[in-house]
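Shared between the two complexes below is chain A, which has chain B as its partner in the first and chain C in the second.
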Partner chain A sequence: MIRKTILLLIFSVLLTSCVPYKQLEELGIINTRGVDKIENNQLETTIIAYQFDAQSPEITTTVFGIGNTIKGARENAGYNTNFELSPGQIRLELYGKETAEDGILEYLSTLVRDARVSDTMLVAVSNVTAKEVLTAGQEELMTDVGQLIQSLIEKEVQEYSIPKTSLQNYLRIESDIGQDPVVPLIGLRDKKPAIVGLAAFQNDRLVGELPIDQAFLINVFLTNTKDTPLEITLQREPLSDYIYNNVSDTYQADNPENEDQFTILVKVLKGQGDIKLKNIEDLHFEANIHLEVDLYETSELLSIKDEKIASILEEEMAKEFERQYNVLFAQLQEINSDPFGFGIIYRINKKDGELTDTEWREKFPNVTVDFNVNVDLMHYGTIQ
Partner chain B sequence: MRKRLKRSSKNIFPLKIDELEHLLMREFTNSPDLGFSKYEHQNKKIAVFFITYQVQPDKVENLLLTPLLESKKDWSNTSILNEIPLNSGKEYQLLEEILSGLIIGKVMIYLEDETAVVSYDFLNKEKRSLEGAETESVVIGPKVAFTESLVTNLNVMRWNIRTPDLAIEEITIGKRAPREVRLLYLKSLANETDVNTMRQRLEDLEVDQVEDINVLMQYIEDSSMSLFPQFHTTELPDRTSYAILKGKIAVLMENSPSALIAPSSFFSFFESTEDLYMRWNSGPPLRLIRFISMFISVVLTPMYVAAVTFHYEIIPTQLLISIGQSRAGVPFPPIFEALFLELMIELLREAGARLPTKVGQTIGIVGGVVVGTAAVQAGITSNILIIFITISALASFTAPSYQMGTTIRLLRFPMIVLAGILGLIGIMFGMCMLIIHLLKMTSLGRPYLSPIYPIHFEDFNKALFRLPQNFQHKRSVSLSLKDSIRFSKKKAQEKKDIDE
Partner chain C sequence: MEINVNVKSNLRIQAFYLFFIIVSMQIGVGILGVPRLIFSEAKQDSWISILMATVYIIIVLFVMLLTLKQYDNADIHGIHLDVFGKWLGKLFSTVYILYFAIALYSVLITYIEIVKVFVFPEVSNFVMGLILICLTIYGVLGGLRVIIGVSFVFGVLANWILFLLIHPALQIDLAHYLPLFQASFVDLLKGAMASSYTFMGFEILFLVYPFIHNKNKVSISSILAVTWSSLLVLAATMLAIGFFAAAQLERREWAVLVLFKTQSFPFVERFDYIVVAELMMVVAPSLLFLMWGLTYSIKRVYKVQQKTTLYITSALFLIGTFFFEKHFETQQVINFANQFGLWLIYVYPFVLLPFVLLKKRLNKRKGARSS
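The block that comes next holds the complex of A and B.
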């Protein structure tokens, strides 16, 4: 028995053979990678990696590599560093605008097939080239730009201002027929990296850029949002009786013809969106959005003594949101990208339940949607 | 040996006093310890002999010699036994019996030409008084510990369990230097098979001598190749009596300051009597901490080695940076770094245990400074690993049983080696081996991993956590006791306080 056990032990150790060493301090651990297409169909990668060198206190390093594949480019970048570059800790992959316009699925598939790479890593698109964003930021800020962009995105995702953009999320939405992914668009503002908008995809190809404040409108349909701060501009006219003028100490504005807008900041405590197919022949949808908001700040003093003001505000906000939805939807139809997932609802309601990508691409521009926004003003007077 | 046995089985009496003295002096190789005094009383020669330091001399003088020599009677063996007011009088005829009697402190009286000697007990045994427990110190509850004296220990146990139901069986083990062993259990409760097995194991033991109960444990345990202790040895009488009252069996041994409890499951090694004394809801979390710390102690350092050597992707990014920075200057691979530090801790512990208390403190400081600070500054180890090693060392000391703690500490080393060679696969491999081994083990024939395997949900309440007392109406199922009910559940839940 003992002999058998010992034999079993020896064999099981021998048969597993040697596992390749990946000793931490001998690796250049890729944290952020930028991918750009350059001429001759080649790829240029910008790699921000951690390396632990006893001689140098600096741990982040930026290296560049050119190759025909991502791994080829990584090998090429490896000539620049004495550490073995490995992708196990990659947290952000940033694609250049032109690269993304040609499709990014082939790059993502190598990531998702690598067991070492975490599926929760972020995917983002740059509005210039990835190299430009990553290097310019590095020079300007003297910090790890990769980390910076990650925390920028993570913070916004946590506030539900932009939809989740992990690798797993992207690939799930991408492979769903009838829905398209959106990812944050990273650009340079004052030479510093910032989220400048939302990149709308058609399948895996970048087709358009949406303004960042519209990201919330899309996110309401993707998840139940909580505690999102939002600035919204309303028509001044219906509120004008309640706007307090502290110069003349009256409710009369100085020169109402000059200003026809009134801006408020609200926190959307709860946001829910729901899509219903009303008529399958006409491709007519109804989208119901329910928002519960707190009023935090107004651009001018507003008298909230009168209860009527609450219902006026609710109504005006709903109107404004409906207007924004219509504008956004028209824009999305133009670029033929469907991040809301109308296609999924259509497929569910279709008799055979089958929908091909080309079929939906043909139908989507002809879809009509009624956006019904219902705003509940929960608290006002809170200032934070 | 044979010659001696032959001679001792023969009756040597009657003989002259001088002949007896000669004989005894030869047996004791002229030892000055043997006090042999001869008296003449009413024309009869009387010899009184004993080993001087084994008896209480003033008692011998007052209670035996004075009435013996001052009386005007004509003594014979029968009249001595009848008239001296002592209860331990006995007659011996065989030389072997006389010799062993002398050794344990009997006083022998021989009247010339009688056919036997008369003996009285004046045993003088040096023993220390009862003291608080040291290896199993407790914060609340009784603190008294067993001593080396079996009589004292039995006395304590009798006071703890005041019922005639408590059986105390005497068994003598050791052929060349016999020792007395006592088997304690509750007649109406303990499983008969368990008692029989234990009695048989003790009786069948053929050895020259048994030094201590921990040695006895190794002679009678189920698997002598295993790293795990299969019987619990404790120095706490209250813990022993608690185990007996639960239906287990305890073994006490002459000259050994601890008791052996059988059968013991793996989980019982993590029980402390304090769990019982604490309130039901505050004791179990502490036990949970002990279970967790056992796991940490076995797995934490190997996990570090595996993660740093093979699986850097499982480390959170921020932690990765600090681990990477501290590893950067270390010239050794993680496995050697970890083994080196673990060895260092073991050295410190061993040195601390061997040295006198005052010097031991110095060792602690020196070790702390050298290992903690200097080793990191010299770049031999990384400071993150020092934290891990310290946590796992601390965790291993939480086991209430010292034996179990040592086992856990030793288990780390093969795990580190496996982690260093095969990474997480190695750790899993080691854990599987460990669990297979534990599943196969028994203690007095009862499964070691009970109540997890075989599963007894009723006993989870006792082994893993503890419900309030009025839910404790059943005894442990896995012990298959004679009486499985402690009290009526219905009655316990009746409210007896005054309604206002």
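The block that comes next holds the complex of A and C.
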């Protein structure tokens, strides 16, 4: 028994030498990578890597590399650092605007090909160059910019404010015929990186920028959303009778300098979207959206005394959401990008169930959709 | 060589273990890549293909059992001897031996390739081969009962991996399964054919049948085993189809392994590493049974000591891992094993059965005349 145990221990020690080892202190673990296309079809990568160097006070190091391929650029960047750059822990891949406009699939495919790269990494696009965002931010902030952008995105994804944007999600939606991916657009605000919008793709090419508050409208169709804070501006007129005037102590809204708008902040407890094909010849769709919301804040004092006011509020919200959907959809048709996945619904209702990408690109601008939003106001807090 | 195998009663096993024997033989490296193969033929109707394959396999199982029931306690080599005589029988048995060798070799190099692609790109084939083959020798030296023990323990323990598929299962897109019933019958058949390599392994029944104690339970045990394997393959395929877009799935090798890549926990970031290691527990019983089948068959047919062939073939396999390092070469070996097995496992039992029945009738007539 003892002899066997000793033998087992000896073997388990000896066998570990059979596989190549990597020492943590010798590795530069790439955390964030920015990719930009520069002249002559070459790529410039901006790599933020962790280094475990006792002599350096910084945990991260930023290196640049130029090459014809992503991996080539990494090798090139390797000349600048005494660490072996390892891609297994890339958490964020950021593409420059111009790069994304030319298509990013070839850069993503290297990530898939290499089985050691994680599929859960985030994909994002910068509204300038990736290098600018990553370096300008790094100078301004003392923290690691890559980490910062990741947390920004992850936080918003967790709130369902923006759709999931992991590598796997991006690739799946990109490969699905009849649906296009959207990813967060990272820009600099006060010289600090921030999510400034949503990048709409046509296949793998960046074709447009959408305002960030519309990301939620798209996400409702991609997943069942929960607990999303949302600011929404309504028409003031139908509600004006119930707005409390603190000066005159009446419900006589005096409508001072400010316009005809009334803004509320709600938390969307539940959001569901569902697309139905109504008429396959006319490409007529119906999109039903159901939202359950809690009221958190109003821009003026609003009194919700009875059900009537609640239902007016619900109706106004629904109207506003429908308006926003129509604006968004018109914009998407213009750039011919279909993040909602109308094409998928069209495909599965087609007789042979087959759809080519070019076919859908031709059809998508002629699609008509009725957006029906149904809002339920669930709670409004502790005051009426 | 005797037609019937004389197995001492203390060496016999319960039919219950046949379930684990067949499942561990069927489920191996094949299940990782099979969704792509079936999908590229039958598209979203792949599930029909798998069901068709299952039904066909159950029919083959019945034919095999019917063949075996014509004898008291024979295995495939004894049947060959009885039906085809000494020389032709030996020839057919040798085909079986070759099949075990090629199947073992294909499992070995596929697993090594997966380890190289997913975990250690720098590791040498020889080292991986040495470790796997040492394990195989060690197990086979223990004899059939030890191997069955391994398949039972590993077969139970490895199932926790299935829980890791819950996360990808929640992310599937139901639209990928629609519209239903688009594939033609030919496509469905092709899809069923594509699953043949994965489903191979139940032919071990031809060898272990004499070792089973309660023969009346053999059919229920083996059918349950085949059903369970089919359910696993079905689940893996449906998950992969739902999870990946069509264009993605058609290009992904080992799509099932990639399913494990898409989740991470605070304590384990990458589950595919763990799954590749865990896969050793799935592959080891296959290797053990194939090696046992190989050496035992040689012993039965050529009367060579099992230990001698074990060491010689192990050395040959180890040398063999040097060759076929390229992916497409590995694929060629798998394809060859697939073609070989397709005829031997899925078609040959139907050919053998009439011969056996004919021989039995002739024997009876002879017996009646002599008495």
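Keep this in mind: the second predicted complex is superposed on the first by the 359 of 384 C-alpha atoms of A that agree within 3 Å, B and C clash if a C-alpha of one lies under 4 Å from a C-alpha of the other, contacts with A are read in each partner's own complex, and residues count from 1 in each chain.
The rule is short, and it goes like this: contacts are C-beta pairs under 8 Å (C-beta built on N, C-alpha and C of every residue); 3 or more make two chains touch, one makes a residue touch a chain.
Given the structure is predicted, the values throughout are model-derived calculations rather than measurements.
Three-chain overlay on chain A, with chain B and chain C fitting side by side and no clash. In the superposition on chain A, contact is made by A:116 with both chain B and chain C.
By the document's definition of touching, of the two partners only chain B reaches A:91; chain C does not.
When the two complexes are overlaid on their common chain A, residue A:344 makes contact with chain C while staying clear of chain B. Of the two partner chains placed by superposition, only chain B is touched by A:54; chain C is not. By the touch criterion defined above, A:172 lies against chain C but remains apart from chain B after alignment on the C-alpha atoms of chain A. When the shared chain is aligned, chain B comes close enough to touch A:31, but chain C does not. Look at A:280: by the touch rule set out above, it reaches neither chain B nor chain C. Judged by the touch definition given at the top, the superposed model places A:19 against both chain B and chain C. Superposed on chain A, the gap between chain B and chain C at their nearest CA atoms measures out to 5 angstrom in whole units. Residues 18-20, 88-89, 116, 118 of chain A lie in contact with chain B in one complex and with chain C in the other. Taken together, the chain B residues at the contact with chain A in this complex read 308-313, 315, 317, 320-321, 323-325, 327-330, 333-334, 379, 421-423, 425, 429, 433.
Chain C makes touch with chain A in their complex at residues 44, 117-123, 127, 131, 173, 175-176, 178-179, 182, 243-248, 258, 261-264, 269-270, 272.
Contacts from chain A toward chain B in the complex involve residues 9, 12-13, 16, 18-25, 27, 29, 31, 50, 52-54, 59, 86, 88-89, 91, 116-118, 147. Those residues of chain A that touch chain C in the shared complex are 15, 18-20, 88-89, 115-116, 118-120, 166, 168, 171-177, 341, 344-345, 347-353.
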